[in-house]
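You will see two complexes here that share chain A, one where it goes with chain B and one where it goes with chain C.
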Partner chain A sequence: MKLVLDHLTLVQDNFSLTAHGEFLEGIHLVSGAVGSGKSTLALAIAGLISFESGSVLRDGIGPMMLSFQFPDYHITGMTLEEECVSWGCKPEEIFSPSDLHGKNHQSSFSLSRGELKQFHLSCLLNKHYDLLLLDEPFSSLDCESKKKLCHRISYQTTGITIIFTHEQVILPRVDRIWEIKDGKLLDRGTLPDAIRRWCGASSLIKKLIAQEQIPHNISYEDVLEAVCRT
Partner chain B sequence: MIEIRNLQYRTVHVDHLDIPHGITTIIGRNGSGKTTFLRLCAGIVVPDAGTILIDGKPPRQTDIGWVNEFPDRNMLFSNVRDEIASPLRFRNSTPGETDRAVQRIADRLGIQNLLSRQVQSLSGGEKVLVALAAALVFEPGIIILDEYDSHLDEKRYLQIEQVLVESGCDYILRCTQQMETAAKSDYLLMLENGDFIHEGIPPDVFPLLITTIFYPLSWRAGL
Partner chain C sequence: MQDVRIRICASALLSYAAFLNFYGAAAVLLWWLVFTPRLRIIRRVRPVIGMLIIIGLVSIILQAIDGSGFSYFVRMLAIFLIGLWLASDYQPGEFLHVGVWLGGNRIGFEFGLVAEMTMQSLLTLLADLDHIYMALNLKGIPVTVKNIVPTATLLIHKELARAKENAELLAVRGYHQGGTLKPVFLSGKMDIIAGLGAVLVIVFAVFPFVNFLYFDIEVLRGLL
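Entry: the complex of A and B
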């Protein structure tokens, strides 16, 4: 399966974005500055907004899901259990292993935003999707939860997972890095070479590059390993 | 000084806490009570028991700028310029003063290009910038930021950090999940299940967290 963006052009009030490239099975990172169009691109790939020209081809792709940046946008159930069922999940699978044990009948809005994001991602990642689009999945999560999410994302051994984020410290291992810059989606390539071409890398990674201590990948553990080499 | 005594509200308990002038950052797990504590300090909610005094006055008698992590929840107007101007208009500032102040804060934050936009057309990060402009436009003595950096890229974050430092606010109170941000604070507090388990300057607190992921990666690198 593959996702093909064929000379896609997105035009909105204040910016335009062009995207051309193929996303094969694996985990992809799309990074970019605030307002660069990450969420807009995610919406276009999901077929939720129209575009000016070009096409989005989802070749051989079956089930697809987009996780919005703000988990509030997903809520349809009055209680956490209703919300859980609305995702097609069994409550015992979501509540038992999590910190939410015993909160089944609470309102979805009774949780802190970080807890709500954790809950939303637990429901979403309980199922397999051929194409999984995660818009800022790490926002609102604490450091421990970000790390757990990275492990969870790493389980996506099949299908195409695309992470749209500006998170720079706690990330999963990825297969390819893309970057939105000056209105274009740029393919930075596969790891580890992509790291050298990644303008949006953290200050720490840039310092490591300057010292020729290139991390093998962009996960916290990989960067930590590179740090320990210095 | 922000003096907190015998505070109790839902899961948050603080017997005795003094927060000095400068940038204070609160860290902790999701659900530990960070937002609840910030809402108490902002006067958005009042404690069931105990007191919070900011230079001797309760929060509701203090000019406080507030930025919610989900800014949509606090935005009242559909147009960005109106949203930023609203705190001044509610204070009966003249149209001329309001226009000049809006322009000034937009220049400082680099968001002049957003002024004519509709709020709903903004990206998540842009909404945070607009909420920050609205919080700073009336030059409050204290600004409270609830994970404002969660939706910002590094370049924007650094720009805003500079604006905050130059804002003249006596107190900047914030929570964050970016430990590199927390490391740049004057004072650091760690919450766990509603109780502050650590407090002090970052070089005193972070060594207590060295075995956890809360310890800043740049410190491990010695950078």
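Entry: the complex of A and C
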């Protein structure tokens, strides 16, 4: 199973992005500044927008899903239970272990953006997808929710998971880092070597690199371990 | 057309001409062919096709009932194309300039701001619709009448939330009534020619002295 971007070129108004590379099974981080083209690339990979040239090859990939940054676009059910069912999930699996216990019949529009994001991601991560594209999954979430989400994402042991984000601090363990810079998707390689080449790393990680205390991975726990390393 | 004042006046005149009678609508279509970039203004094909289908269906029904379907189709097509041209040439901020130019920095500013916010909402609504279609597609849910209810609810909900945010933003920034703006307009020779053309179209549609130019629609049908 692999996703191949073959000299993909995306052009929109005054913006262009080129991407070339192979995404194998595992968790990938696509990092980049706001407006660098992460969402556009995610839409192109999902086959939802057309591109100028090149191709996207989804080799051996079955079920696929893209989670938008704004989860309200995904709402198709009037109640939370209907919404849950529309994702193919069993309500008891989603509501019982969460803060939404007993809120099955509440309107889908009654939740705050953060609550909706949590609910949406719970439904999404409850299912298996060969290719899972998460566009800014950490937006609207507080630190605790971000950590829980990282934990959930790390359960994705099969399939290709690609996280498109500008988050720098609370991240899950990943297998490979990619970076969008100056209109190009750059492959920074596998961990831990990729950290040295990662321009979008947090200032703390950059400081650790300067002190030769390279974290094993980019998760909060790994960075903390590197900080405490003597 | 660069000058938004001429564009709005021309659109109003042309829409009225098309609404008045078949000959007015035919003249409007001719004007559209001469003075606009024609089909190049279409940025979204799907809604345009949808509208044409609706107009076409109503026309067929009217034709079957009282024979006025053909005239209705031509008039509605002309109005629709003029509306499409007006919307496609829109540049953010220009309605605010027109408002201030027409009614000054208080009342004019208010009306201009309302028009501007309405146009921005329409554009956002279209972007929202695109995302909703994509999300339905991802979930494998077909676009059916049953699914229109949550979709419409979502659009209304988002629009109301956005309106509330805008209102709060205006209040936080201390907006009370009106503002200060020096209207600026771009204009060219072709704008004036097209504007005069629109005036000619309305004259042709309104005044009876041009009746000698008319020929019966039945004769046209016979020729075809």
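Operating definition for what follows: the second predicted complex is superposed on the first by the 229 of 230 C-alpha atoms of A that agree within 3 Å, B and C clash if a C-alpha of one lies under 4 Å from a C-alpha of the other, contacts with A are read in each partner's own complex, and residues count from 1 in each chain.
In this text, contacts are C-beta pairs under 8 Å (C-beta built on N, C-alpha and C of every residue); 3 or more make two chains touch, one makes a residue touch a chain.
Since the model is a prediction, treat every value here as computed from it, not as a measurement.
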{"item": "Fit-or-clash call for chain B and chain C when the two complexes are aligned on chain A", "value": "clash"}
{"item": "First, second, both or neither for A:F164, with chain B first and chain C second", "value": "neither"}
{"item": "Residue contacts with chain A in the superposition, chain B compared against chain C", "value": "B"}
{"item": "Partner chain in contact with A:S86 - chain B first, chain C second, else both or neither", "value": "second"}
{"item": "Touching partner for A:E115 - first (chain B), second (chain C), both, neither", "value": "first"}
{"item": "First, second, both or neither for A:D72, with chain B first and chain C second", "value": "both"}
{"item": "Footprint overlap on chain A, comparing chain B with chain C", "value": "70, 72"}
{"item": "Complex interface listing, chain A residues touching chain C", "value": "43, 46, 48, 65-66, 68, 70, 72-78, 86-87, 108-109"}
{"item": "Chain B to chain A touching residues, read off their complex", "value": "28-31, 35, 69-70, 72, 113, 117, 121-126, 128-129, 147, 150-156, 177-180, 212-214, 217-218, 220-223"}
{"item": "Interfacial residue positions of chain C with respect to chain A in the complex", "value": "128, 131-132, 134-139, 141, 147, 149-151, 153-154, 157-158"}
{"item": "Complex contacts: residues of chain A adjacent to chain B", "value": "12-14, 32-35, 38-40, 69-70, 72, 99, 111-115, 117-118, 136, 139-147, 166, 168-170, 200, 202-204, 207-208, 220, 223-224, 227-228, 230"}
